[in-house]
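Two complexes follow with subunit A in common, the first pairing it with subunit B and the second with subunit C.
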Partner chain A sequence: MAGDSTGYIQHHLQNMAYGELPAGYERHNADGTVSVLAEDTWTLAHSSAEAADMGFWAVHLDSLGWSIGLGLIFSFLFYRVAKNATAGVPSGIQSFVELLVSFIDGVVKDIFHHKNRMIAPMGLTIFCWVFMMNLMDLVPVDWLPMAAQKISGNEHLFFKVVPTTDVNITLGMAFTVFAFMIFFSIQQKGLIGFIKELTMHPFHSGKWYIDFTILVWVNLILEVVALISKPISLGLRLFGNLYAGEMIFILFGVMLGSGLVLGTAGVFLHLGWAIFHILVITLQAFVFMVLTTVYMAMAHDVDEEH
Partner chain B sequence: MEALGLVYVAAALLIGLGALGTAIGFGTLGGKLLEGSARQPEQGPALQGKMFLMAGLLDAVPMIGVGIGMYLIFVVAPSLV
Partner chain C sequence: MNINLTLIGQMISFTLFIWFCTKFVWPALISVMEEREKKIADGLEAADRADKDLELAKHKAGEQLREAKASAAAIVDAANKRSAQIVDEAKDKARDEGDRLLTAAQAEIEMESNRAKEELRGKVSALALAGAEKILGASIDESANSELVSKLAAEL
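Showing the complex of A and B:
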């Protein structure tokens, strides 16, 4: 692995980016040689510089692969349990799923008082999927990449295991929730209702000339800032927690690699941080779900005409 | 060379002040939880649930700061060296 610690940390923050490098691009290979590309080639980036040069259309294979894989596992598992759910003696997995579903249903019922059959399943999916993605953070940083290196024989293969430490994934989910929020607001309140909500709250005087000259613009600024801050804070909260959590695991990895005394201290610190991180993982998945449900409830609030 | 020092100072401030604010916030939150459950012990579990929810929400501010601070330290700073 990279000798010095900064190299180790840098190496472990590098997603597996797959994108197109332009013709004539000098690639600095690991063994120091420089190879010039003959034509535009779609390839895996060897360094963060190359990943940056790939521009917009570079895809993080590891984040996508792990998140989609975990999502499929979740949906397949719940589908199979739902398929052969028996009213008789429930099997172990079925009682676990029932526990989860009833817990989430209770939380959603407390928050969401309108009639929409999509919200509780969305809450369940978000909670389980985000929790499973976060759970990957408890797997020590080097296990899976090293296993893959051994299997594939390619010594330079590396990928980040936790999808939620990739800002694209968390902000992607947050903006999808944002799109739902806008869609449901317009569906429930109508386009005019939605615009009125943005321009008439919180100040309105009823006299049109005062409204349209000053108050509407003040309202618009306040409301738009509040609206935009919702998805961004939702996405960055999950990203910040998981990214910082994994960063600390990587730092413990550096400690493990440097000497006996630091190594043993690193093991205990790693254990302690992992135990605390179990709380952080569930809490962040729960908060993401609750906030999504709250935003959906706000989108459905029609009767607060004042 | 000048910018490098500033980047590290910025990251330190980002993480430190965020942690300071959250520590005070969590302290008061925990204190209020104890007061509330002392006054009405039967409401203990409900209060605790809500406290964890608030703790999760409060976590956003310092964690975004820590995330950006670490980005500064490990991505921006090496590129300036």
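Showing the complex of A and C:
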């Protein structure tokens, strides 16, 4: 059973990677045979090792697919509501969407006091999209992967359904936020202002020769670390929470297959964790949205005093 | 757990979804919500105004009612006075008419009695003549004695 469990867990933690394997690469097939590739081949990875060997030029079809699919659902749904919206008595779906919009609008207005028409819609997109991606975690861990295996006919198909448990997805969003931060900083303060912000704080002696020989470099290191840590922590926080959450669901999944007593306990533990997880996924979506708005507000703050 | 192209793919799709939401979703929803907010505010204001109008109208109606009552009372008073006056006038007229009728009746009675007297006088003189004729046994020449007779009649 122990070997099975390890395989089950590892299988659940591997994305469906599509990438290029070089010529001469030895592929270890499921039946134990080894086949050698005659030429460079674009293919699905059959194991974690293969996925790792594909390097940077590979795509996780499952997480990117689910992420874009859920994003399209969000966009289509909200676009339809926005198009049919009336100022009269709102219908069911419209009042739900308006509830979300006014909630996000309130939060963003509390945090962000500058004039930028992009921040609130960005908050809405992040909150809804991240929430939907996190929500995939509440679908029982085996349903969608098994369905995918049955449909594709491939018993060993890797299929992860929660995009936010893929570090590429969360860091991708965080780096985009980071790019917007840099862009708005330079747009608001100018390139000189942005460089000054990185080099003239927090230490400042008042004598220019001391400033320019030592303090500028100390400041630069401190500020750059602070700047870089923002997107990294933003992305890894979401990833860590969801990855851990999914890991626990997988462990309960292992319990379900280990006898009557453990299985029964697993059902109740699974239920409890799922209920608790509703809170976690909402909170993480909200935190991502709020932090993004805070970073945007920081990028817009021209005020030099910290 | 590998960093790969998925990262770039997610960055591109994230940017596109933000752009879509900023362009097509958010402005439409916010404008609709603001429009409704304004509608509701207008409605509440109108309700307030209507309340005030109602208060004013009530006040006005009360005033008019009071005025109407006052004028009605005045009219009733005037009517009472006038009716008393009419009664008085009627009384006066009736008294005058009565007096006039009484006078007329008295005049008629007097005239009647005078006429009766005249007739009686005539009849008496004739009777006196007839009596005298009987007494004297001879006819009295009426024309000869007319002076006497008329003197007699005048004495009666």
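For the reader, a short list of remarks on this structure follows.
Going forward, the second predicted complex is superposed on the first by the 300 of 306 C-alpha atoms of A that agree within 3 Å, B and C clash if a C-alpha of one lies under 4 Å from a C-alpha of the other, contacts with A are read in each partner's own complex, and residues count from 1 in each chain.
FYI, a contact is a pair of C-beta atoms (placed from the backbone, for glycine too) under 8 Å apart; a residue touches a chain by one contact, two chains touch by 3 or more.
Everything numeric here is computed off the predicted structure, so don't read it as measured data.
Residue by residue along subunit A, subunit B and subunit C are tallied for touches, and C comes out ahead.
When the two complexes are overlaid on their common chain A, residue A:Val287 makes contact with subunit B while staying clear of subunit C. By the touch criterion defined above, A:Thr43 lies against neither subunit B nor subunit C after alignment on the C-alpha atoms of chain A. In the superposed pair of complexes, A:Asn168 makes contact with subunit C only, with no contact to subunit B.
Residue contacts after overlaying the shared chain place A:Asn116 against neither subunit B nor subunit C. Judged by the touch definition given at the top, the superposed model places A:Met247 against subunit B, while subunit C stays out of reach. Once chain A of one complex is fitted onto chain A of the other, the partner contacts of A:Gly19 are limited to subunit C, with no touch recorded for subunit B. In the superposition on chain A, contact is made by A:Leu236 with subunit B only, not with subunit C.
13 are the residues of subunit A that lie in the contact sets of both subunit B and subunit C, per the superposition on chain A.
Taken together, the subunit B residues at the contact with subunit A in this complex read 52-53, 55-57, 59-60, 63-68, 70, 74-75, 78. Subunit A meets subunit B in the complex at residues 6, 9-10, 13, 48, 233, 236-237, 239-241, 243-244, 247, 280, 283-284, 286-287, 290-291.
Interface of subunit C with subunit A (complex): residues 1-11, 13-15, 17-18, 20-22, 24-30, 32-33, 35-36, 39. Those residues of subunit A lying in contact with subunit C across their complex are 13, 15, 17, 19, 51-52, 54-60, 63-64, 67-68, 71, 74-75, 78-79, 81-83, 85-88, 90, 97-98, 101-102, 105, 117-118, 120-122, 124-125, 129, 166-169, 171-173, 175-176, 179.
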